[in-house]
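Working notes, structure below.
A, B, C and D are the chain letters, set down in written order, and residue numbers restart from 1 in every chain.
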Amino acid sequence: MEYTVGSIAPIFLSPVIAFVINAFLGRKLPRQGDWLATLSIFISFIYSARIFGDFVFGNFATDFFIHKTFTWFDLNHAATIFKVDMGVYIDNMTAIMLLMVSGVAFLIHLFSTWYMDHDEKHGRFFVFLPLFTSAMLGLVLSDNLFSLFIFWEIMGFCSYSLIGIYNQKEKAGDASLKAFMTTRVGDVFLLLGIVALWMFLGSVNYVDIYAAIAEGKFAGQTVLGISFATFTALCIFLGAMGKSAQFPLHVWLPDAMMGPTPGSALIHAATMVTAGVWVSLRMYPLMVLGDITWFIAVVGAITAFGAATVATVQTDIKAVLAYSTLSQLGYMIMGVGVGSYNAAFMHLITHACFKACLFLSAGSIIHSVHEQEMPKLGGLRKYLPYTHFAMMACTLAIAGIPFFSGFVSKDRILGDALYYGFMSGQNPLLAIVPILGFAAAGLTAFYMFRMMFLTFYGENRTHDNHGHGHGHKDAHGHEAHGHEIHHEHLDVRQNVPLLILAVFTLGFWFCGTLTGQSFGKVFGAKTEWFKVLVEAPVVEKFVDHKREDFSRVDTREKTHLEHAHYHHQTGYAGPNPDEHKLHSAHTIGAIASIFIAFAGVFLAFLMYIKGSVKPWASKFPGITKTLENKYGFDEFYIDILIKKGLLGLNRGLAWIDMGIYDRYVVDGMAFVNRVLYKSAKWFDNVVVDAIGVDGTGVAVNLFNLVLRIVQSGKIQFYFIMLIMVLASYVWTLNI
Amino acid sequence: MMSLASYLIISLILFVVGIVVMIARKNIVAILLGIELILNAAALNFVAYSRYVTNNLDGHIFSLFIIVIAAAEAAVGLAIVIRFFQIKETIHIDEATQLRN
Amino acid sequence: MNQTVVSYLSQYEFYDFLLALFRNNQGVLAFTLYLLLALIIVGMCATIGGLGTYAERKISADLQARIGPNRVGPYGLLQMLADGVKMMTKEDIMPFTADKKLFYLAPLLCLTGVFATLAVLPFSSGFIMADLNVGIFYLVAISSLVGLGVFLGGYASNSKWSMLGGMRGASQIISYEIPVTISILAIVLLAGGMGFGTIVGRQGGLPHEWFMFHNPFAFIAFFVYSVGALAETNRAPFDLPEAESELVSGYHTEYTGMRFGFFALAEYIEVFVVCGVAASLFLGGYNVPGIKLDILPMQAAQFVIFMTKTLVLYYVVIWIRWTLPRLRVDQLMSVCWKYLTPIAIFNLMGCAIWMVVFNGKSIAELVLGSH
Amino acid sequence: MFLQFLFISSAVLTVSCALGVLMVKNIMHSCVFLLGSLMGIAGLYATLGADFVAITQIMVYVGGVVILMLFAVMLTGGNDFVSRAQNLLGLPASMGNKWTYAIGLLVGVVFLLTNIQLIRGLTKALPVKTITNEFPSTVTQIGHLLVKDHVLAFEMSSVLLLGALVGAAIIARPRKQN
């Protein structure tokens, strides 16, 4: 199979083309060009599927690898070599990721054509959606941090535009600004990390970074008193934290639901937030080398747990989903931290599928009922059967019920965390990581089923707030307020994306196994395909990596290099777990998480269906209040950091200005000046005026008589003089 | 016959004629014509050196840039001339005295 | 090294014979041959230009269900000779207030500009006066002399109609040069060279090998070029400089006799040249479908192919003239600057991207598979 | 042989037309003479093997600059405004009569003589290169140079042209009559 520009570029370019056409001609196209955007993503999907299918069905290989570069610009002058390469880097992980991003994005686009129908922002929405997707695809394809950063920022801009698309609403505007500003904090660090790497290595290509790690170039380098590897790894991870909404930079994500629901689905599932996880995974060797994995794990665990607790008290259906996204992202980051590379990536994929589905389902509900507060919903099972089915499947998946995808991936992360926290001989304080992880798992099951039960089960409360009697049987509902709920029909654009995504919540897609060389033998084998395909980069392979030029047509390159034992070289120690202990940790983890998940579900059942346990909100008002305030992060940022901090500083400065500077310095200067001016007056009158000014005037007049001839104001006269001077200069050269 | 010196002399003659045009004419457009001649003389020198002295084509590039600059200069200069004519109703160079006093 | 018609002929044996006739004086022989061939080409094109007037009248008559010239010679074919004789024998009137020198110069500039373009027009792979490696660029550059001639003609006549016509003509020709040149640039990009030999050589005889069908952008570029070329040659619907109904035939109002004849001849030959350029840039030029032989008789076949394509385009030009009404001046400018130029730039970028993305393969090659 | 013929005719055309620019009173004729001079320079470029530069010269000057000049002349009219102002030395303040021609020629001759000195010295000092009559195509090489070694100047000139275009359009735009 050949990979040329033509077979890779369309993945990224076709949505860009759709973006350009929609941006300039969108208004003139039928349906404002939404079909074009959808079609373009479908083309991306086809090309991504080709790459995916090529390595799975074609010539299955664990070291599938394409790396093609071209020189973007090359200012190669005598001393300074400033050369920037761009290129694509496709390995197994990229192929899976491309398929996921383009597939999920395609379904979201398809759903959006239904959701945004007759919306006033229909056209603009479909301008940014393909750009967003293309930026993510470009980010995934990038082979270096530099182009990754470009796409990173394009995504930041797109999320800003999508969140604030209803810019007539103040809240939406604020939310978009918040998202933009908060992620910028992380981006500054990311840029710092990239620049540091650039200055140090002269390249930010993944391959070069891996090679530098393998060659031990980082050893002994320090910056600001800490090791260089730690510094760059930390900077890059802080960038990832901003994008992946990790504690404490998470505040933007819950507000991001201000945008249209499919946009949120795209932000929460396929793009944007996964970018942070993606860069953490790509830079995993650097993180390990910099020894910050414990930090990553703790941040992830705190995010996972904190967000899960907040989600238990939210009433807005989208807010619950937003916090659940935060929580799941925490899991992924935690997975990266505890060395569960492959499971973290798997969770990224599984989460993308079920979270997209959940958001689309929420969109379906909101669009059908025009209500997103859960206390005002309920009993929708009968009206929205397909949505219910899809959402139930996803809830089962996210809650970690066996046989669903969430179980497979989350359980593996939890197992690794358990090993990491208790058995690997790490700092005993890190036991907090698995504890928080398991607690979050239970909470996840609880709040997700709380959401399901409140939305789909029990009585229909949609008409309560309008004072129209009780429940769905009320025949007058449609007369006054037009909130009549129609029975859902199987609509290609509304339900089919949900159902397709729901299919992928099943676990066996992801833990399917294979033997030998083909995907065809999925069942009845020893190793799961995901485990085989995705593995942390072996940096030694990249030491003498030869690049391919982009323009050349080459057959697929496979790097058949022996996997060197790299653990004890040059300070880079990858995860080297004790297999036996790891296995037992996984067993314990699986059993515990099943138990915890069912406990959560059961608790939700008791509270919201059976009613036998009263919701604990009234019992613990203090905790509830804290949770409803989302731990007060927004207030903290605004009140403490901005109002108290910045304004206090300003007030202090104002006092210094008025009290000290104005009073003593300015007034004192005035006094001194008064004394000075009297003496100066005398000096001025006698010396300056009489001698200086008048004398100069006389002198100038004398010169003027001569110079007036030259300064005629005639341009041609000046030109004559210029030429004469030039001629006299040439004469003096005397060659 | 055809040597570096002959090209240099042709270019020198052009240059001198350009100078004389610039000095002797009073019409602004005519002065611009003189500037064109001067620029072309310079460009011709570059190409001549490129053929007879150096081994690369940098001289060609330079004369290309000179042509570009001459075009830009002509466009802006003539725009100024037209604007000047709209204000003063003449293009006599000596009427451009507004900045003198 | 640039290939020329003489260097082409020198590979055949009869060239040695001729050389012997000229006592091995290569320079004189080359000069004689150039002179001869230049005379042939100029004579042929002048005839084509003359026939152009005949064709114009005959085709317009056809379109308007008349008969057209039919008295002089068979089917009125000799009408152009009669016209020529009439023009030459007419009194050459010089307006009293005209700027005499420029009045003489203007038609000559027009004619020079047009005839100079014939030097690079590829009638066949051998029968091209000089296959300059900057051929198409030379053609575009030298044909701007026509614009100058039109302008000076309008100015020198010192009459209102002529002045307006000349101004219109100059502004129109300068403006439309931009989309035309950019469209040509797109083709230069595809061919990888500016010489006509290179450009035509990169194409094939069959339609799917033509540059017009190389990619969608080139396809659009052909139409941009066609519209721009119509405007550059002052043909209807862009014949504003010589609009009979508004300006009493514009810049050549005051011209009589053979001077007027020069203008007319220049226009008809320029149309021929423009059609020839379109044929060789977009429609495969002189390539004979399916046969790649380089023997002397093939030159005749190539010549016939080239002439066929060109004359078909020539017919289309005349057809357009008698079909479409004239534009207004502001419409003319907005067509150029608001539509054609952006489209041309878009095409250029599109072609560049296409060349990068698909490694310079045409649609046909992509579909049928490259060989 | 042919090359020398081309060189001589181009040189004669260039110089004589340049003198024509200087001599004729009519500004329109001056422009046309300038055209001839520029065409002559294009011919000289051709004799130097600079095919691309030669054609660019024709393209830019004939197609652009000269027509622009003619337009400017026509828009401003050839009025015969004569200024009789003089400066302190009694010279005519404006240049445009016999006196100024005399001054200009004087300056020109001085400059000519000095520079002939210069050229004489230069031609002796510069290294001698063997010249062949082969003229390889320069187009490809110029293209490579433009986008590699001189890419910055190339981009800057594009910005310059854009600036000139916008500037010229703004300056020459007729102001609204209040």
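Assume contacts are C-beta pairs under 8 Å (C-beta built on N, C-alpha and C of every residue); 3 or more make two chains touch, one makes a residue touch a chain.
These numbers were taken from a predicted model, which means no experiment stands behind them.
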If chain centres are mean C-alpha positions, then the most distant from subunit C is chain A
Of A-B and B-D, the pair joined by more C-beta contact pairs is B-D
Here the gap between subunit A and subunit B, centre to centre from mean Cα coordinates and rounded to Å, is 57
Subunit B to subunit D, mean C-alpha position gap in Å, rounds to 5
Taking each chain's mean CA coordinate, subunit C and subunit D are separated, in whole Å, by 29
Rounded to the nearest Å, the gap separating the Cα centres of subunit A and subunit C is 58
Contacts with two or more other chains occur in subunit D at residues 52, 56, 64, 71, 93-95, 100, 103, 107, 111, 115, 120, 122
Multi-chain touching residues of subunit B, meaning two or more other chains, are 19, 22-23, 93-94
Each pair of chains that touches is included here, namely A-B, A-C, A-D, B-D, C-D
Residue set of subunit D touching subunit B in the complex reads 3-4, 7, 11, 14-15, 18-19, 21-22, 27, 30-31, 34, 37-38, 41, 44-45, 47-50, 52-53, 56-57, 60-61, 64-65, 68-69, 71-73, 75-77, 79, 81, 83, 85, 93-96, 100-101, 103-105, 107-109, 111-112, 115-116, 119-120, 122-123, 126-127, 129, 131, 138, 141-142, 145-146, 149-150, 153, 157, 160-161, 163-165, 167-169, 171-172, 174-175
Given the complex, residues on subunit A that touch subunit D span 708-709, 712, 714, 716-717, 720, 723-724, 726-728, 730-731, 733, 735
In the complex, the residues of subunit A that touch subunit C are 4-6, 9, 13, 551, 553
The residues of subunit B that touch subunit D in their complex are 1-10, 12-27, 29-30, 32-34, 36-37, 40, 43-44, 47-48, 50-53, 55-58, 60-61, 63-65, 67-76, 78-83, 85-86, 90-95
Interface with subunit A, subunit C side, in the complex: residues 356-359
